[in-house]
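Each chain carries a letter (A, B, C and D) given by its place in the written order, and its residues are counted from 1.
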Amino acid sequence: MPLEVVICRRVRYGETDQMGVAYYANYLTWFEIGRTEFCRELGRPYSFWEKEGIFLPVVEAYCRYKCPALYDDEILIRTSITSLKKYSLQFQCTVAKKYDGKVIAEGWTRHGIVDRDGKLIKGANLFMDWVKSVIENDNGGGVTVE
Amino acid sequence: MPLEVVICRRVRYGETDQMGVAYYANYLTWFEIGRTEFCRELGRPYSFWEKEGIFLPVVEAYCRYKCPALYDDEILIRTSITSLKKYSLQFQCTVAKKYDGKVIAEGWTRHGIVDRDGKLIKGANLFMDWVKSVIENDNGGGVTVE
Amino acid sequence: MPLEVVICRRVRYGETDQMGVAYYANYLTWFEIGRTEFCRELGRPYSFWEKEGIFLPVVEAYCRYKCPALYDDEILIRTSITSLKKYSLQFQCTVAKKYDGKVIAEGWTRHGIVDRDGKLIKGANLFMDWVKSVIENDNGGGVTVE
Amino acid sequence: MPLEVVICRRVRYGETDQMGVAYYANYLTWFEIGRTEFCRELGRPYSFWEKEGIFLPVVEAYCRYKCPALYDDEILIRTSITSLKKYSLQFQCTVAKKYDGKVIAEGWTRHGIVDRDGKLIKGANLFMDWVKSVIENDNGGGVTVE
């Protein structure tokens, strides 16, 4: 299993829609919280990388919605890095109810690794070194490195 | 080509983030606008279906981000139905700059067809009949019906 | 001083705009988080009141923005009830940087007390009793009760 | 009456909450759309001002919610400038149902006039000249100029 960071938050009222459940676009903002805390937990907040001139724009996002999240539900957001390619990486995200562990949604985002001008960063760089060290520190079981 | 509905809107200030581009979760709200106007344009607003007791919760969503959308950009949102299965259907969505037609993002959402209690509606129903008539009225070239 | 509940959260990436600061509408969602945790902390989650058929729609909102909140800033949201009238109540909210206590914004929301149909609840009711007990348990210094 | 710009849009599904009405923070994003189109209609899109190095951060916002806005409602957003001070200006905003003209909400935002570094712009500047010309072109009835 790849290294995983878990955080807990509650569904806000404004995140619900008239169906009485969390609106589907909010899950992508939850994934963002997961990625942010993943980076912080492993020693390098995302704000650190932006200061270093390294940006991670989302190039692809996917989510499968399995059961609804309700107002005030405590949800667990589990995040890991599941793939590292030359110029991109992939975060995997699972959202579950804290109460009974039931999975609400699963998805992933793929990110380019770019500089301040939006150009892909080719060659060795601080961020890649850090991600590799993160992956090596776990057993790397679920991570594809190319 | 499946029947397509195109709408135009502008990127709002609050939709941008500190990278200076539209934040990625907003694309799912744009897809929602596309679906809403698709249904209206073809004669049955989504609000009509909810009044009939037919709901279309998103069960899967995907987006590929190709180039950034900037504040105040006019964007075209093209929506079509690309797949109809027994209890679900899929909307395809393309977002392009109005100015030069450049594609900003492409994606799709898959929706269950459920009743007020969230149960899949099995057997013939008004909504399915309508979708089929929509599909038949175009040449059906790009739509998979199972 | 009226009884105050303080919570801490971080500014999300998607909450920033291209000026590089938290977009102004997000403060109202932060106020919502403050109210939610105020109610929970004092023993009655807002979800409890909705189950009892008591709703608190916002009828007025005000915010004064004093200095910008940046991505990943830890912010403290302080919430109290500052006024109780026959059919409405007012929450006061202050947002400050955790780091140095600097106030980022101050505001308030006024809420009607209504039933499931949106009608004002007149006469004695569970919610009013609870709010009054909350106010009495602090010294009531800053709360106007009419 | 001060010069007014009116735009029309629909309430999105994601803007509703579980009470079945538009969530209160969305009104501030509607006010933003109103301001943006006010500036464009009067010849100077807000993006033009940012390119000129002039920014209008919100320093105060107020909204009074009069009746709910529902999913897919067509709403009219009326915007005008109602006050111009040395370093700030105020937009007034009214949101009404298109169907019957019923006012849903009224509010205003006050904005500082600042440069790229967030410093107040003192002395004559392009933006002030433009606002004054806007105000003079209408009869100025409702605008306070100090």
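Quick note on the criterion: a contact is a pair of C-beta atoms (placed from the backbone, for glycine too) under 8 Å apart; a residue touches a chain by one contact, two chains touch by 3 or more.
Remember, it's a predicted structure, so these values are computed and weren't measured experimentally.
By the document's definition of touch, common neighbours of chain A and chain D comprise B, C. Chain centres computed from CA atoms place D at the largest separation from chain A. Chain C and chain D have Cα centroids separated by 25 Å. Chain centres here are Cα means. That of chain A falls 30 Å from that of chain C. Averaging Cα coordinates per chain places chain B and chain C 36 Å apart. Under the contact definition stated at the top, the residues of chain A that touch 2 or more other chains are 13-14, 21, 24-25, 29, 32, 71. On chain D, the positions that touch chain C within their shared complex are 19, 21, 24-26, 28-29, 32, 55, 57-65, 68, 109, 118.
Those residues of chain C that touch chain B in the complex are listed here as 13-14, 16-18, 20-21, 23-25, 71.
Contact residues on chain B toward chain D in their complex (touch as defined above): 10, 12-14, 29, 32-33, 36, 45-47, 71-72.
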